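The following pair of complexes shares a single chain, subunit A, combined with subunit B in the former and subunit C in the latter.
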Partner chain A sequence: MEQKKVIEKISNEYGIKKIKFKKIENQQFKVKINKKEIINFLTYLKNIGFWQLSLITAVDWIDNNQFEIVYNLVSWELEQHIIVKTFIPRENPRITSIINIWPVAKYYEWDVNEYFGVVFDGNPNNGKELFLENWDDKPPMRKDFDPLNYSKEKFPEKEYKNFRMKRKREVIE
Partner chain B sequence: MYTKKLMEKIKNIIRGHSLFMLHYCTGCGAIELPPTMTSRFDMERLGIAPMATPRQADILLITGYLSAKTLRRVIYTYEQMQSPKWVVGFGSCTINGGIYYDSYSTINELDLYLPVDLYLAGCMPRPEAIINGFERLIEKIENGDADGWKHYKQNREWYKKNQKQALGDSLYTTR
Partner chain C sequence: MKEVKLFHGPNHPGMHGNFSVHLTVDGDTVKKAKPNPGMLHRGFEKLMERRLWMSNIALIPRVCVPEPDINETVYSMAVEKIEELEVPERAKYLRVIILELARIAVHMMSIGGIGGPTGVYTAPNWALNERDMILDIFEKITGHRIYHMYIVPGGVRQDINEEILEFIENTINDIESRLKDYYEIIFESPIIHKRLKGTAPLTKEQALDWGVTGPGLRSTGVKYDVRKKFPYLVYDKLDFDIPIAEESDAYTRLYLKYLEVKQSIKIIRQVLSDIPKGKVRNKLMGTALKWKIKEGEAYGKVESSRGEFGYYIVSTGGRYPYRIQVRGASYPQGLYGIEAGLPGTRLEDVSIWLDTMGVCSPEVDR
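Take a look at the complex of A and B:
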């Protein structure tokens, strides 16, 4: 189906006139939506053919003090790709989980929870470790986390007074 | 006393000619190993062959960057190997972190956690450089210079202290 017809169908059937769609490519478009509407809107999209959830990720807009949660959906029948975005505040970030719509969302949300600190209400894995072991700092993908500083503190380098000493092992006291 | 030294020298020469290598493919360096092993460069003519398990291997080859999570497994692997054993750091990431110098989860210098006997510099080292490096390693083993495993035994506390700094207090479990 053509993109225009898909957009027309969504804006007629879903019933919110204020939704603004933006075209990215011939087969890709994006839409911003309110945080409260997200469950309804994603359920509706799944019912009209966007049944594949291909990614959930987050973007840290530190200047606006907001997190952007991004849902990527693909429809093979309509041959379209939609990006649904929603904004949540950066302090105490919470959003409802969508594991009841797509069970696979469990892992995407877990990933976002570990790397950004966003809490997904309803996901049983909030706060558990997925990739990072024994992590002891703020979530590493936030913009105010300084990786260079962390790396210097946690993984230091040796100081070589005389570079030739490296050839023979030093005696460690 | 004299016979003991002589025996050690003979043993060293024999050790240098029968090396089994455990290639722990942590990073992108592993892609240079298949051409080194197979018919074009043919590593086996130097007496180095790949080995599947750590308990039967002599060389631990760390190919590329090591994340903190991988380092824990590398330490398990190294401690399972039977001495004499040698560690070869492969690529610039094991020397000073390489392009991952500011990563939150990649270690910078391997020598703090495991005793490295030989570094192969480059990003990535070509098979020629690998063969050259192995020749140098064989030379070191025959002369008795490659004694990292003894160093690890003697300075175990220092190594453990460094490992705990990078990995947290629980070295052998994740929690």
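Take a look at the complex of A and C:
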């Protein structure tokens, strides 16, 4: 189906007139939606043919003090890819989980929870370890986390002077 | 009976890469499985945010070792979408050659590789030979065998001449002449029949719930291929089929890969005869170190050997990417699939499950 028709269909059927769609290319478009609407909107999209959840990810907009949660859905019947975005505050970030709609979301959300510290209400794995073992700093994909400083603090530089001298002496002797 | 906890990997002959699965077994039956990634210690996505747009080209092929070219392609495609940059026609054809050659190499390694967990040890040795012949082509084209760094935003790095095109044709003819032998040694082997038929079944509902794509999804009867449904490069001009199967088990998934190799050879033949002349790269402004990509975001995706592979890229108009997320093709089956799909299988079939579902660990653990 053509992108225009899909967009028309969604904005007519879903009932919110203020949704703004933006074209990225012929088969890809994006839409921004309120955090409260997210479950209803994604359920609706799944019902009209966007069966596949391709990716859930987050972007840290530190200047605006916001996190952006991004859902990528694919429909191979309509041949369209939709990027659904929603913004949540950076302090105490919470959003409802969608594991009841797509079971695989469990791991995508766990991933975002671990790397950004976003809490997904309803996901049983909030705060558990997946990729990072014994992590004691702030979530690493946030923009204010500096990997260089972290490694300097965690693994301070060691001096290997004595070792080198010993080896030299051995050679001389 | 008492349940025992068992670690399958990371150092295990049936394991692909640095990834482990914690199994709880009762006798020989798996009761519970928990994927345990996080042993790569690289942090690709964070590294990419600290590098220039161009220097990332050298980093991203490392995301998937057996098939590195898809990374460069999706990265370039996403950047081109944001920048609204056109790619020259010849470059598109060259990209298709590279992608399809890589697909043949991975599929051959996967088809032969099944000999490892099942005990048909001749097959892996043969298959590695085919992969090596394709690596020879890559060496001629790009100068590198494993990581090519050939595909860049705007086209490809350099043109290839008639001599190399002829070499490619000879090599794929050579490989095609031996495909029959693989059919005999693998798909007609009684050992493979006994071990693979009915092993690791997958239903259509499961595949959709888990988000499985690629041969895994197609083996359940869904005809979804990114090359057909979201045509990129010149796939809409080429004539090829998407093989599908009705009932999914380890054997049908492996057989689909075998059929896909034949289709890839067909695609390469068409490309070699149709390839137009012309330039191969539209340059972005200035030198590569000063590239600034427009503000915006895009999702580039291709059909890899394991399914849909994509990059989500966000740019704020600077010299560095703001955020890049890698969508590994085996992410769904590598994490949720293991948790939901492995319980109930027998211990010796775990490697077969992982092998035919195509779990590639570095793209799970970015």
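Basically, the second predicted complex is superposed on the first by the 158 of 173 C-alpha atoms of A that agree within 3 Å, B and C clash if a C-alpha of one lies under 4 Å from a C-alpha of the other, contacts with A are read in each partner's own complex, and residues count from 1 in each chain.
Following the convention adopted for this analysis, a residue touches a chain if its C-beta (ideal position, glycine included) is under 8 Å from a C-beta of that chain, and two chains touch if they have at least 3 such contacts.
This structure is a prediction, so every number in the text was calculated from the model and none was measured.
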item	value
Subunit B versus subunit C as contact partner of A:1, first or second or both or neither	neither
First, second, both or neither for A:131, with subunit B first and subunit C second	both
A:62 touches, of subunit B and subunit C: first, second, both or neither?	neither
First (subunit B), second (subunit C), both or neither touched by A:140	both
Superposed model, subunit A: greater residue contact from subunit B or subunit C	C
Which superposed partner A:154 touches (first subunit B, second subunit C, both, neither)	first
Which superposed partner A:79 touches (first subunit B, second subunit C, both, neither)	second
Contacts of A:16 with subunit B and subunit C, given as first, second, both or neither	neither
Those residues of subunit A which subunit B touches in one complex and subunit C touches in the other	129, 131-133, 140, 147
Sites on subunit B touched by subunit A in the complex	68-69, 72, 96-97, 101-109, 111-112, 115, 147-148, 151, 155, 158, 165-168, 170, 174
Subunit A partner contacts - residues on subunit C that touch it in the complex	37-38, 43, 45-46, 50, 81, 208-211, 213, 222, 224, 229-230, 296-299, 301, 308, 310, 312, 314, 322-323, 325, 327, 331-332, 335-336, 340, 365
In the complex, subunit A residues that touch subunit C	24-25, 27-28, 30, 51-55, 57, 59-60, 70, 72, 74, 76, 79, 81, 83, 102-104, 106-107, 129-133, 140-141, 147
Interface residues, subunit A side, partner subunit B - complex	129, 131-134, 136-137, 140, 145, 147-148, 150-151, 154-158, 169, 172
